[in-house]
Amino acid sequence: METGFDIALALLLLCVGGWSVIARNMMTAVIVFIAYGLLLSLAWVRLHAIDVSLTEAAIGSGATGLLMVIAAHKVAGDTKRVVQLSRGFHVLAAVFAALVAVGIAALAFVLPGEPSSLAAPVLERLPDSGLGNPVAGVLFVFRSFDTLLEKVVLLLALIGVWALARDADWGGVPGLRLFRERHSVLTLLARTLPPIGFVFAIYMTWAGADVPGGAFQGGTVLAAMWILVMVAGVRRPPRISSPPLRLAIVAGPVVFLAIGFLGFLAPGAFLAYPEGFAKPLIVAMETALTLSIAVILGLLIAGPPKGEDAP
Amino acid sequence: MMPLQALAVTETTPGGSLLVLGIVMPAVALVALIGLGGRGARAIVIAALLFQLYVAVRVALLVAGTQSPLAYVVGGFHPPLGITLRADGISALMMVVSAAIFLAAAGFAWKDFAQPGGKPEARAPLIFWSAMLAMASALNLLFTSSDLFNLYVGIELLTFAAIPVTAIKGGADTLRAALRYLLFAVFGSMLYLFGIVLLYGAYGTLDISGIAAQLQPNAATLAAAGFVTVGLLAKTALFPFHLWLPPAHAGAPAAGSAVLSALVVKGSLFLLMRLWFDTFPTLREPADMQLLALSGALAVIVGSVTALRQQRLKLLVAYSTVAQIGYMFFVFSLAPKGTGEAIAATAWTGAWLQVVAHAFAKAGMFLAAGLAAEVLGHDRIRDLGGLSRRAPLAVLAFALSGLSLMGLPPSGGFNAKFMLLVAALAGGQWVWGAVIIAGGVLAGAYVFGVLARMMAEPAAGASLQAVGRGRQWIALGLSAVAVLMGLLPLEPVAFLAIGRAL
Amino acid sequence: MSAALLFWLAGSGLIGLSVYGLIVNPHPLCKLLALNLLGSGVFLLFGVIARRGASAGLGGDPVPQALVITGIVVAFSATAIAVALLLRLHTEAGEASIDEEDGQP
Amino acid sequence: MADLFTILAVTAGAVLFLAGTVGLLRFPGTLARLHALTKVDNLGLGLVVLGLMPQMGFLAAAKMLAVWLLVQLSGAIVTQILARSVRGGGER
Amino acid sequence: MIFAIMAMILLPLAMALLLLSPALRPMVVRGLGLAPLPALLLPPAAWEGSISTVSFFGTWRYVLDQAGALLLGACALLWIIAGSAASRWLAGRGGQGRFALWWLLTLSGSLGVFVAGDVVSFYALYALASLPAYGLIAFGGGGAERRAGRVTIAAALIGEGLILAAMVLLAVNAPGQGLAIAPLVAALPSSPHCGAVIALLVIGFGLKIGLVPLHGWMPMSYAAGPLIATAVLSGATSKAGLIGLIRFLPLSEAMPVAGGMILAAGLVSALYGALLGLTQANPRSVLAYSSISQLGQMAAVLGAGLAAGAPGAGVIAAYYAVYHVLVKGGLFLWLGAQGRRIAAWQLGLVGFAALGFAGLPLTGGALGKLAFKDLAGTGATGMLFSFAAVGSTLLVLHFLRLARAPAQDPQPQPLSPAAWIAAVIAATLLQWTLFAAVTGDSARSALRPGALFDLAWPVAAGAALAWGLAALGTRLPAFPPGDIGERLIAIIERQATRIASAILRAETQAHQWQVSTLALAAALILFVALQTVFGPR
């Protein structure tokens, strides 16, 4: 029975993925993509990677899906000056794509028999960092340099999105107000759901140290709540040059860097945690990160600052 | 003895912390820039870039002094679990080159991206300076990290920093160029990522020397090498995959395109060198290396011919980048597995001389092209007349850079081409030799075509703006460095071999 | 047919589909979608490798899982920038398409 | 006994889900489809949750219940907005 | 010695840099005549036949031997004469700075190339001698002039590419030798690629001295641009090709095959140049073909030297070239100095000097021919050299007839006559004084009846032929319109544009998104396939 479900899931994944690529109309493709994202989180659960499943559901299909829907909605009227590719080209592209796919599939049988994995060393070194969740351990202890750089990547993404504002709108308000007037039903949701969301997000961040969860997932839920409030027009998003917003953005990276440099003094290596203090430092770092991730993800989805009237 | 494969990393060497600082300090500056809302932006940037130069020079001195690579174990966890940074000869060289060019570009853009009085922060300055800092940090990471996934994050950071610089002017075609660059670069990095999946599956570690130690030529490794290489080719804009480079580099502001062409493109090339000479030393199969060299040769010929036919100056200089990148790929075929010691050493030095000489010459040339566009108000090559009267130093900078690109002595470009030619002809590879020479002739044609027009009389009624002398001196300084490299002796440079074992 | 192998085949199929979509779909938004699909396919294969590396205490090797989380966040940043670029290009040029006009080199 | 109850409840839920899907495909207008979907799916989900409750501890059951309530809340809101936009009354 | 060399090369470059500041520009333009002065200090130092080398910065070596000194002296003189005429010519003319810049760069290169001792500095100075010539030729800015400039530059670039290839082959064949020219050339005959290297050298330098199939650019470039520039280009910079052959051909080794081929090519150019010159109507083209013919003879002398393995051939060729440097430059300066009417004595002096090319006794040219008489030998080659002399006579008389007609393009501001007179007199004096040092026997031996007769009969035969042709009034059968060289260039240009537009079309194809991504996928499959198929097992 076990593999039956997997077979069904794998086939479903392929079909839904294929459909979203083949779909003629952009909006259908995006909606199918969101469904594909949810199926993918299921697949991650089957692969015993709960953390990844959460991240995939939150960021992979949720945030990305939302972004794509907004884009598809705005670009729907695109008079596509479509470059008509000849029939032969389609076939050629299909052949090459199939070759790549078959090649990759064949590799499965060629990977060396004995799986070489780092699971054992991680488990053995994890306790002295005080963390229970091995994935959080890798993210924040063993390969914390990657995570730090990834924060910088997020900052750069924000810079990239803000770079696309018009000079006149700089310092303005990121425009994501889909509903101008107060909309009774959505406002209801925007009032009832966020509190639950905040509690849930904080729980996930806190629990992340020991059970699947953590800064990313918590941050994304917080961002979702913030987006909901912005979309419903309950609260206008802050101006991007407002100091509190900027501090919130840089809070996570600043704490991360500070702890990193602290490592220089105590055990003498950048990003090394002093004995026994690992857990509290990591938790402090995670809370700051959750705040920053929530704000950055929200701003990324809200897009570059726009003039007052622009939709 | 010119060994070409990296030594294994053991412990943090003294001075190793410099490597981390080289990466983290620009990130700190970036965070400060965003957090402080653009107040004192330029001061932060200049301080950070000066610090970069200090770090780079110290690293270079340490590496040269101890004749051994610097290493740093981040967080105290040794590979395969943790990440280590390692600076050998070529990393130190590239760190110094990138620090110098960043400082020059920052000096050049000092006025254009100044904070406007009154309003605390404007879009362009914040975006430009943040992007420059991020590029500096990402490049240092690429030059020193020896963990493949860490390098992936570094390459992505580099691309995300390059996109806003390309799109900062905001016109429809710069936006289109930036979008095409982003989509193609992400496609490349996904292929690179899949290569890493295979390598981790096969060896259980992502550390370069870790993989090199247990390397067996099984199918998974070979496939991984293929995916990673093709992924990086997409990001290095080698000939068939160069669609994004010319519009992106031509659309960026002058200082931006100088950094993009001189350094950003070299980041993924550096990775390719790390890959084929450090991670898979025994995999350098002549067949594939010839394939790389073939597309390099095509890049040289097609890039130069297309550059010859361009109407706009910046596009010409961008296509010249596409052509010059082709030269750097000859090192793969000139030093495949099992070539003689001397030839490999000559080809290795020739390639790195070409990388550094092209970096300085191209940076100088793009700055000069930027000045030309400012003086004339357009950059149509046909009516560049009168530039020599208004901005003589810029024309001299363009000429000196042209000298290096053409490969005329005394210039770094000539030394590089001479070494590559010696390696090619000594190895009996006539075709690559002929292409190197043809490339020089074609480069001469398009550089001379532009120079002749720059020296011509100004078109009637052309209004020429004056341009600051300081910025012309910066462009001239960069080109002069490329020319002064010509004084280096024409033998393999030992510094490039530090930290490598055959 | 272990579950891991099954998802490996699914992953490679997805990669094939997305490469086809990336080449053929004219509109940049569809290309972006194909890229996201490609990313999820590669991450899926990462997950299978992690699953293969499972040892006593864990369902899967945590290191590739951590890498996938970082990868997803990086992929999301790329999508965010691409969408912003796409929308600005749409407002600027009336329609977002990345094939240059015939004239422009 | 508990197992029997679970099997019965879950199958009922599954049948309801099936009905909902069939309704989605067969019914003519959007509004009709919306009607079929929301009514049947919420009930179906409720039954499934109910069925699984005895199998789990108290905390897990409470979490399942919370999930069900949240689905109810968002489902209702979304249906309202969709219905409004279809009828043309509400905003975009 | 080293300071003089450095001064000679760097002074003009320094003056060129001074041009950047508008204030100093007029002063530099006036000083054009002085720039080559340091070069005059060098030749006497090398006169006792001593070869002194000095190295600088490790790889940069400079050597001054007799052949180099001869050519350096003559070219320096021509540059001084032309430089002073140029500064007067430029006074008050637009674009002074630009002309002076290109002039100084070419000057520095053309003098430096005679002393370059190692491969790298020779290549650098050779490039410096040929590339800036574009600015001089295309100074007028007209369409024809720019095309002539483009063709000249293309020829120069291709030539340099071939020479670079030859040099690298030289360096590769003698690994341990470093980069000095002499040891590399000495090791050449024993190296495997000897034939290829010599072929590359001959074609590369042949492009510069206009050996027949490669000469197409010369008439075009000498017919365009200001006469003051053509004087210098035809006189001095074309000799850079000659010194290249002298330095890089292993004259001390007898290589009959290679030598014979070079001799043949030289003679063909000599005869072809003379005959084609007769069909030209523009005096400047006639002089261009005369250059092709004379340079061809010099190449033939070197060829003979290589075949016989006589190292002295280099000095003899250089000696013969000295006369050509100054008189060819003088003739162009004379064309530039033509007012409305030409005085009779001017025609006489010019005729006497020009006939020197044909070996008229008592002229400098005759001494040159005597110098290489024994090299040429009395057999078939000796005969061919004499036929070349007949051809030259015909050509010179044809030139005089054309030049006498009222000047077609009256120079708006004619050059001062002093320039060409000085050049011609200097040529004759130099030849007479140096004859003894070069050939060993005294100058009076040139007056022996036997030698006089050898020189006189070709000139007489030529004159008779010319008189006969003029009397019969038969125009020469109209040769096919252009000559082989021009047609070759036209063909090359057409093919080049065809290939270039094909490449451009392919590039715009490769520029499209779907083609690039497809190529990426294809490269992926190809690369992985290659790896696994050829992969190490």
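Of note:
Just so it is clear, A, B, C, D and E label the chains in written order, and each chain counts residues from 1 on its own.
Just so we're on the same page, a residue touches a chain if its C-beta (ideal position, glycine included) is under 8 Å from a C-beta of that chain, and two chains touch if they have at least 3 such contacts.
Bear in mind that the values here come from a model prediction, so they are computed numbers and not experimental data.
Common neighbours of chain B and chain D (chains touching each): A. Under the contact definition, chain B and chain C share the contacting chains A, E. On a Cα centroid basis, the chain most remote from chain E in this structure is D.
Chain-level centrality, scored on Cα centres against the all-protein Cα centre, points to B.
More C-beta pairs in contact connect the chains of A-C than those of the other pair, out of A-C and A-E.
Chain centres here are Cα averages; for chain C and chain D they lie 32 Å apart.
Separating the CA-averaged centres of chain C and chain E is a span of 63 Å.
Chain B and chain E have CA centres that are 41 Å apart.
In chain B, 81, 149, 153, 156, 160, 163, 167, 170, 175, 180, 187, 194, 201, 204, 219, 223, 306 are the positions where the chain touches two or more neighbouring chains simultaneously. Shown for chain C are the residues that touch two or more other chains, namely 15, 19, 22-24, 31-32, 45, 49, 52-53, 63, 67, 70, 74-75, 77-78, 81, 85-86, 88, 96-100, 105. Pairs of chains meeting the touch criterion: A-B, A-C, A-D, A-E, B-C, B-E, C-E. Here chain E touches chain A in the complex through residues 512, 514, 518, 521-522, 524-525, 528, going by the rule given at the top. Of all residues in chain C, only 15, 22, 28, 31-32, 35, 38-39, 42, 45-46, 49, 52-53, 63-64, 67, 70-71, 74-75, 77-78, 81-82, 85-86, 88-89, 92-93, 96-98, 100, 104-105 touch chain B in the complex they form. Taken together, the chain C residues at the contact with chain A in this complex read 1-21, 23-27, 29-30, 32-34, 36-37, 40-41, 43-45, 47-63, 65-70, 72-81, 83-88, 90, 94-97, 99.
On the side of chain E, the complex with chain B involves touching residues 20, 57-59, 94-95, 98, 101, 120-121, 123-124, 127, 131, 134-135, 138, 141, 146, 149, 153-154, 157-158, 160-162, 164-165, 168-169, 171-172, 175, 179, 500, 503-504, 506-507, 510-513, 516-517, 519-520, 523-524, 526-528, 530-537. Across the complex, chain C is touched by residues 81, 149, 153, 156, 160, 163, 167, 170-173, 175-176, 178-180, 182-183, 186-187, 190, 193-194, 197, 200-201, 204, 246-247, 306, 310-312, 315 of chain B.
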